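Below are two complexes that have chain A in common, paired first with chain B and then with chain C.
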Partner chain A sequence: MGLFILRRIGVMILTALCMTFVVFFLTNLYPKLETLAKTQGNARMTDAQVASWIERNGYSGPMILRYGQWLGVVPGWTRVDAETGDLTGRCIERTATAEEALNAPTFCGVFQGDLGYSTVSDDEVSSVIGGRLLLTLKLMAWAFGVMVPSALVVGVLAGMREGSRLDRSLSTFSIASTATPEYVSGVIFIVLFASSTSGISPWLAEMGWIDGRTLFLGSARSAMEDITFWNFTLPVMTIALYGMGYIARMTRASMAEVMTAQYIRTARLKGVSFRNIVLKHALRNALIAPFTVIMLQFPWLLTGVVIVETLFNYNGFGWTLVQAASNNDIELLLACSIVAVLVVLITQLISDIGYVFLNPRIRIS
Partner chain B sequence: MTQLTPQPTKIHPVAEMYAKEHREGKIDRREFLVRATALGVASATAYSMIGLSPAHAMGHRQVPPMGGSLRIQMEVRAQKDPRTFDWSQLANVTRGFLEYLIEYNNDGSFSGVLLESWEANEDASQYTLRVRPGVTWNNGDAFTAEDVAANFVGWCDANVEGNSMAARMGGLVDPETNRVRDGGVVVLDDMTVQINLPAPDITIVAGIADYPSAVQHRDLIGTNPLDHGIGTGAYRVTDYEVGVQARLEKNPDHTYWGDAYLDEVFFIDLGQDPAAWFAGAEADEFDMTYETVGEFVDLFSSVGWEQSDVVTAATVVIRPNQNNAPYDDVRVRRAIAMAVDPQVCLDLGINGQGVLAENHHVSPIHPEYAELPPLVIDKDAAFALLTEAGHADTEFEIVSIDDDYRRNTTDAVAAQLRDAGFNVTRTVIPGSTFWNDWTTYPFSSTNWNHRELGVIILNLAYRSGVAWNESAFANAEFDALLDQANGIADADERRVIMVRLETIMQEEGVTLQPYWRSLFRHYRPGVINAEMHPKFEVNIHYLGVAA
Partner chain C sequence: MELLTWSGAMGGFLNPILLVAVVAFALAFAANFVLTLAGIQPGEMQINPDHTLTLQRTPSDYALMAMKYAVLLAVACCCAYVIGGLVMPSADARGIIGGMASRLLPVWIGLVVVFAVSITFKRRLGLYGKLFDSPIGMVGFALVMFWVFAALFADMVATHGAIDVFSQMRNEVPGSPVPVAREDAYPYYLLGGDNLGRDVFSRMIYGARDVLQITPVATLFAFMVGVTLGLPAGYFGGKLDTSITFIANLALAFPVILLFFLLVTPEIVAAGIPQYMSLVLFIFPIVFFVVLFNSRFHTQPMKRNLFVAITLVVGGISYLSLISDASNQDLPLIFRLWPEALDLFDVPGNILIVFVSVVFVNSPTVFRIVRGIVLDIKTRDYVAAGQTRGEGPWYIMLWEILPNARGPLIVDFCLRIGYTTILLGTLGFFGLGVSPESPDWGSTINEGRRLLTIYPHPAIPPALALMSLVLGLNLLADGLREESLKD
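For the complex of A and B:
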C-alpha cells in the first residue's frame, strides 16, 4: 500500500512537470510575450519598446533556462541597468532597496516554495491563489453537498424498479440535466429567477411576496463575504444540476443491476419487505460504482467553476484561471495548472484507495 | 519678495477675439469655452466674457452633503507608472489621491486643479503656470513649482517604454536625447513655472489635462502610485485587488486643499461583459456605471436608473493599412469609402446613439472643424472604381475585436461592401490578442477616444511614421499643413488649413470613420455629480450621495 501511494506521488510530480512545461512553453511563445508586454507596459507600445520591455523584465533568455528558473534549479536572472545602475532580477522584489537587492537569494522557484509573481494582479502568486482557492472550495463544497445526496436519491429511486413510471420520469430528468451545460442552465436560471424584468421575479414582486426586486441574486459577488440563500443558490444549483444527472444515471444503472442479483431474489422470496431489501441489502452494493464516478466529478467541477464563477462574478479559482489566461499571466497560470493536476490526481488516489475498502475483492499490489 | 495677492490676470487678446466670434454667432458656447480656457482664461471669466453668469453655467455641479459611501462599477486593473497609463480606469482610482494640474470639464472647458491659473503668450509658444497656493502632499511636504517642473521632466522622458505623455509634450521633448529640451521648463519662483516651446503648440494644455498626466511627488516620478500612496488628493487607497475591487477612503491624516464629500468609494470590477454589469445592478452590487453601452442604455433606464449622456469625439475607424496591397492603391481606398454609408454604420453599430461623421476624423465639436461638402455614397461607382483598379475579385479581409459595438460596426461595413460587389471576409479576434497587431492589420477597426482638438488626433494618428499611425498614411503635404496648423492658436485661421487637411483625408480615402459616439452612464437616483464625462473621467472628490 505504501509503495502504491509513493508510486502515485511520483506519477503526480511527473505529470505536474510535463503539464507545467507545456503551459510554460505555450505562454512563453513570442506573440504571447508581446501580449504580456502590452498589457503590462502600454497597450499601444511600439515593437522596439516591446522588445526592450521583454529584455528588461527577464523574458528574453532561452526558454528551457527560464523554465529552470521558475522551478528553482537555475539561478534567477539579474540585470544591471546600464544607465541608473539599479539591480533588478527575478528574486529581487520590485520595491527593494539597493542593499536588499544585493542580498536577494540566488534561486527562487517552486522548489524553494516561491510560486512567482502574478503580473495581472501585481502581487505574489501564493497570496493571490490562496484566498481564491478557499472561495472555490466553499462553492464546490456547497455544490457537492447538494449534488451527491440528491443524485443518489434520484438514482436509487429510479433504479429500484427498473422500467417503472418513476424510473422513466427521473431518468428523463437526469438526462436533461446532464445534457444542459452550465453556460446554458446558468443563463436560464438568471432569466427565470434573477431578473426584474423577466421570469417570475416581477410577478412575485407585484404580489408582494419578495422584498427586493428579484427572487435570487444574479451575481454571487456578495457571497464572497457572506453566503446567503439568496446570493448563492443560483451558482450552486448551476454546478450541481450538471453533475447530478450523470451521477444519478450511474447510480441507477448500478442499482438496477444489483436489484436483479440472485441474493436480492432470495431475500424477496424469503419475504423480506421491499423497503428492507433496498435499504439493507441492495444499497451498499449499489453504491460502489457511483463512488468512483463521484470522485471523478471533482476534476469535472473544476471546469464547471470556470464557467459559473465567470458568469456569476464570483472571484474564485476558476475566475482566476480565466483572468490569468486572458492576460497571459504566466506564473499565475502555472500555479493554476499545478493546482489542477493536484486536484485530479489526489481525487484519483482517494478513489482508488476508497475502492479497496468498499470492495474487498480488489487488492492493491 | 513674492507678491501675496494675485495680480488681476490680463485676458489673452485671442480670447477676446473668440468672445467676439461667439457673439457674432461664428462659434458656439462649447467651442468658445474650449479655446478661451486653453489659453489660460479661467472658466468663470470665460463665461462672463460671453455674458453668461458662471454660477448658472457651472450650476450643473451641485454641492452634495458630506459623508456617504458610493460603489462604482469599473474595471480594476494593475496599477503602474501614471505616465504609461493606457486605460482611463487606472486614473479614475488614482485621481482620488493623485491630482492633475488642469482638468477637462464635461462642458468642454478647462479649469485649474493644482494650477491656480495659466497664460499663453501671443503665439502660444510660451506658457506661464501659476501653482495653487496652500496645497500639501499627504506626507506633509508643500506642493511647489519644483513638483510641477519635475513632472514635466518626467513626462518628457521618451526613453520610458509606454510613456504616452512624451507624445503629448510635443516640442518640449528634445528629439536628440529623448528628454526634456534645455530651458524648456523653467522654475521662475516657488509658485511659477514657465514652459518654453520651440514652436507654437496649442495642444499642451489638453495634454496636461489628460489622464496619464497625474502629478506625482517630485521624488517619486516614475513609480507605481500604489507603492507609496503619496499624493495631494483627499483620499487614500485601503484595498486594491486587481479584477475584484478597489476601496478608497477619506484620508484622516491629511488636510485637503479643496472639498471632498464621500467618506468611502468602492470601484467594483464586474468584468467586461455588460450583461454581467446589468445582473450586478439588479443584484444591488453598485450605484453607478463607468459607462453604459449599446442596448443596456435602455435596459438600465428601464429599471429606474438615471441616465447621463455626452456627445464626444470618440469614434471607431475602419481603416485600410496602406503598407498592404491592395490598399496602397488610392482607387481601392476611395472605392471602399464610396461604398459605405455612415448612416448604416451608425444605426447598426451603435443603435443610432451618436452623430454622423465624414471620414476625416475631425469632429464638429472640435473648435477648428470645417464643414466639407457631404460625402458621396455610390455603390455602383465604387465597384466601377474597384474594377478599374483591377481588384474586383480580390478578397478583402476585415478584422475587428470581439466586442459589442466595434464588431457590429465592422460587420455593417463588411455587409455594405458585399452589397457593392466586393469580395469580403470578416475575422473577429478576441480582445486578449487583438491589440498585439492593431497598427498592422491590413484592414481593421479601432476605437479612438475623444480628444479636445482636431489637430491632436491628426498628429497622433495620421502624421507620417508616428507610432499610432495605423493606416500607414504618409503624405508630405499633409504633414506640412499639420505643422502649420499646430502653430495657429486662432481656430478660424486654423480652419482655413483644416479644410485642406480634411479634404486630403477624404481624397486619399485614408479611413472610414462613420460616426461620433455619444457616451452614456447610469446611476441610482440620489447619486450627485456623476454626469458622464467625454473622457470617462470620474473625480471622486466631486461625487456625493443625497442624504
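For the complex of A and C:
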C-alpha cells in the first residue's frame, strides 16, 4: 500500500512538472513576449526595441533555463545596466536600492514561494491569488454541497427499481442536465428568475410575494462580501446542475448493478423490507463507484467555475484566470495554472487511494 | 405593420387548450406525488380463481392517466401550431411560432421522409433500424436530424443573412416588423434583433450550420487518433502502453478551460502552434487507413498496393494542403514548402486552432475507452483463434477486435459529438470562437448575455438550440446503448 502511494505521488510530481512546463512554454512564446513588451513599454515599439526590452527584462535565453528560474532550481538572472551601472535581476525588487540589490537571494521561484509579479493588478501574484481562491472555495463548497447529495438521491432512487417509471423519469432528467452546460443553464436561470422584465419575477413582484424587483440577483458581485440566498442561489445552482446528471447516472448504474446481486436476492427472500434492503444492504456498496466519479468532478467543476464566475461577475479564481489570459498577464496565468493542475492531480490521487480503501476486493489482490 | 403575436390567429383557440393541458399535467403530477408519498401504489393485475384477470384502478392510476392525456394534448397543440403555421395565409395570422414553422418547411419534409423510410425498412437496417424500436432513441434522433436538416437547408430556412444589419432593429422584441428598406427582405424579425440589429432567428439557423460543420468532423478525427493509438497500446501492452498512457493522462489532467485559454489566442496562432499540432494530429487518419488496408489485403499485393496508393495520394495531398499555407509568410519554413498550385485549400488559422484544440481535448478520452475495450476483448477465444491461424497483430486489432468493439464506440461517438458541441460553445462563450462575426451558438450566447436582464431574447434561442442538440445526441446515444445491449 505504501509503495502504491509512493509510486502514485512520483507519477503525480512528474505529471505536474510536465504540465507546468507546457504551460510555461505556451505562455512564454515569442509572440506573447512581444505583446507583453508592447503593453508594458510602448505600443509603437519597433522590432529592435521589443527585442532589447525582452533582453533587458530577462525573457531571453533558452526556454528550459527560464523554466528552471521560474521553478527556483536555476539561479535567477541578473544584469548590470551598461549605462547607469544599476543591477537588475529576477530576484531583485523593482524599487530596491543598490544595496538591497546586491543582497538579493540567488534563487527565487515557485519552490521559494515566489510566484512573481502580476503586471495587470500591479501587485505580487501570491497576494492577488489568495483572496480570489478563498472566494472560489466558497462557491465550490456550496456547489458541491448541493450537487453531491441531490445527485446521490436521484441516482439511488432511479437505480433501486431499474426500468420503473420513476427510474425512467429521473434518468431523463439526468440526461437533460448533462446536456445543459453552465453557460446555457446560467442564461436560462437569469432570464427566468433574475430579470425584471421577463420570467417569473415581474409576476411575483406584482403579487407582492417578493420584496425586491427580482426573485434572485443575476450578479453575484455582492456575494463576495456577504453571501445571501438572494445573490448566491443562481451561481450555485448553475454549477450544480451540470455536474449532477453525470454523478446521478453513475450512481444509478452502480445501484442497479448492486440490486441484481445475489446477497440482495437473499435478503429479499428472507423477507427484509424493501426500504431496509435499499438503506442497509445496497446503499453502502452502491456508493463506492460514485466516489471516484465525484472526486474526478473537481477538474470539471473548474471549467464550470470559470464560466459561472464570468457570467455572474464573481471575482474569484476563475474570473482571475480569464482576466490573466485575456490581458496576457504571464506570471498570474502561470500561478493560476499551478493551482488548476494541483487541484486536478490531488483529486486524482485521493480518488485512487480512496477507491483502494473503500473497496476491500482491490486491497486483497 | 404591427408586432406579431406568438401564436397569431390560432392563439385564441389553441392557447387556452395548451394552458388547460399544462395545468392538468401539473395537478396530476402533484396528485401522483402526494399519492405515492401516502403509499398508494398503482393497481396490480390479479388472477382470479376462474383464470380471468382483474385490474383494479387506484387513484394513483387515474393521476397517471391524467398526466398521459395532458401530455398528449400538449403535443397535439404543438403540432397544431406547426400545421397552422403552414396553412395560414398571412404572416399576421401565423404569428411567430407559425412563421417559424412555415420557414422550417424543408426541415419538416426531411424529417417526415427520413422517419417514413427508416420505419418502413427498419428490419433491414441493422442497429440503425433497431433505434426505431426505442421511443427515447427516436426522440433523440428526431432532435438531431432537426438540426442537421436546419443546417443543410439554412439558406431556405433563414429569413435574413447571418450578418445582415438593420440598425433600427437593435434589441427589438420578437415579431418586430422590419422597416421596408429592402423590398425582397422578409418583413419581420421573428425572434427579434440582437444588439447590432441582426436577426436572431437567422443567426440561430446559420449557427447550426457552423456548429455541425465542425463538431462531427472534429469528433471523427479524435476517434481516429484515439483508435490508432489505443489499439496497439491495449493489444501489445508493455512499455508502449505505459508511455502512451502517461501522455494521455497528461493531456487529460489539463483543465480544459486552461488549455483553451492557452491555445486559442492570436499570439499562439502567430507562433504557428496550430500548424505543428495539426502536423501531428492529422497524420493519424492516414496511418489508420494505410494500416487498415495493408493488413486486410496483405495476401493480395495488387489490391493492397492499389488501396494503399489511393489512401496515400488522397490523404497525403489533403494532409499537405491542410497543414501548409505557402502564401502566409509568418509561418515557419516547413509549412511553406508545399507548392501553392497543389495546395487545394487553406484553413484559416483561427478555425484550425479551434478544430485542433477540440480534437486534442477529446482524443485522450477516446484512447482510454479504446484501450479498455481492447484489454477486455483480447482475452476472447476468437482472438486466440486468429492468433493460432497466424493472423498478424494489426489484422487482429483492426479486423477482429475493432468490429467487435463497435457498439460502445458508436454510443460514445454520439455522446462525444454532444460534448464537443458543448466545448465549442464554451470557446464561443469566452470569445475564443471561430470568428467574432460568426453566428455559432456559443458566440451568440456570449453577445446576448451582456444585456441579458433587460433584453433576454437574443441569448435564449441559441442557448435552447445548443441544449436541444446536445440533449438529442445524448438521448440518441442512450437509445443506441439500450438497443445494442439487446443483441
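In the analysis below, the second predicted complex is superposed on the first by the 347 of 365 C-alpha atoms of A that agree within 3 Å, B and C clash if a C-alpha of one lies under 4 Å from a C-alpha of the other, contacts with A are read in each partner's own complex, and residues count from 1 in each chain.
Going forward, a residue touches a chain if its C-beta (ideal position, glycine included) is under 8 Å from a C-beta of that chain, and two chains touch if they have at least 3 such contacts.
Everything quoted here is computed from the prediction, not taken from an experiment.
K.L.:
What is the contact status of A:Q49 with respect to chain B (first) and chain C (second): first, second, both, or neither?
P.N.:
The first partner, chain B, only.
K.L.:
Using the superposition described at the top, determine whether chain B or chain C touches more residues of chain A.
P.N.:
C
K.L.:
So in the superposed three-chain picture, is A:T35 touching just chain B, just chain C, both, or none of them (first/second/both/neither)?
P.N.:
A:T35 sits against chain B and chain C alike.
K.L.:
Name the contact category of A:T260: first (chain B only), second (chain C only), both, or neither.
P.N.:
It touches nothing on chain B or chain C.
K.L.:
Tell me which partner A:T84 touches in the superposition: chain B (first), chain C (second), both or neither.
P.N.:
neither
K.L.:
One more residue to check, A:S195. First (chain B), second (chain C), both or neither?
P.N.:
Touch partners of A:S195: chain B and chain C.
K.L.:
Return first, second, both or neither, reflecting whether A:G218 touches chain B, chain C, both chains, or no partner chain.
P.N.:
A:G218 sits against chain B and chain C alike.
K.L.:
On the A-aligned overlay, A:T97 touches which partner chain: chain B = first, chain C = second, or both, or neither?
P.N.:
neither
K.L.:
Considering each complex separately, which residues of chain A are in contact with chain B in the first and with chain C in the second?
P.N.:
31, 34-35, 190, 194-197, 214, 218, 310-311, 326, 328
K.L.:
Once bound in the complex, which stretches of chain A touch chain B?
P.N.:
For this pair, the touching residues of chain A are 31, 34-35, 38, 40-46, 49, 52-53, 56, 94-95, 119-123, 190, 194-197, 212-214, 217-219, 221-222, 231, 310-311, 313, 315, 319, 323, 326-328.
K.L.:
Taking the touch rule as given, give the residues of chain C at its contact with chain A in the complex, in rising order.
P.N.:
On the chain C side, the touching residues are 64, 136, 246, 249-250, 253-258, 261-263, 265-268, 270-271, 273, 418, 422, 425-426, 429-430, 442, 445-446, 448-449, 452-454, 456, 459-460, 463-464, 466-467, 470-471, 473-475, 478.
K.L.:
Which stretch or stretches of chain B touch chain A in the complex?
P.N.:
The touching residues are 78-80, 84-87, 161-164, 224, 226-227, 241-244, 268, 270-271, 276, 279-280, 282-285, 299, 302-303, 430-433, 435-436, 438, 467-468.
K.L.:
Quick check on the complex: what are the chain A residues that touch chain C?
P.N.:
11, 15, 18-19, 22-23, 26-27, 29-32, 34-35, 165, 171-172, 175-176, 178-181, 183-184, 187-188, 190-191, 194-199, 214, 218, 299, 302-303, 306-307, 310-311, 318, 321-322, 325-326, 328, 333, 336-337, 340-341, 343-345, 348
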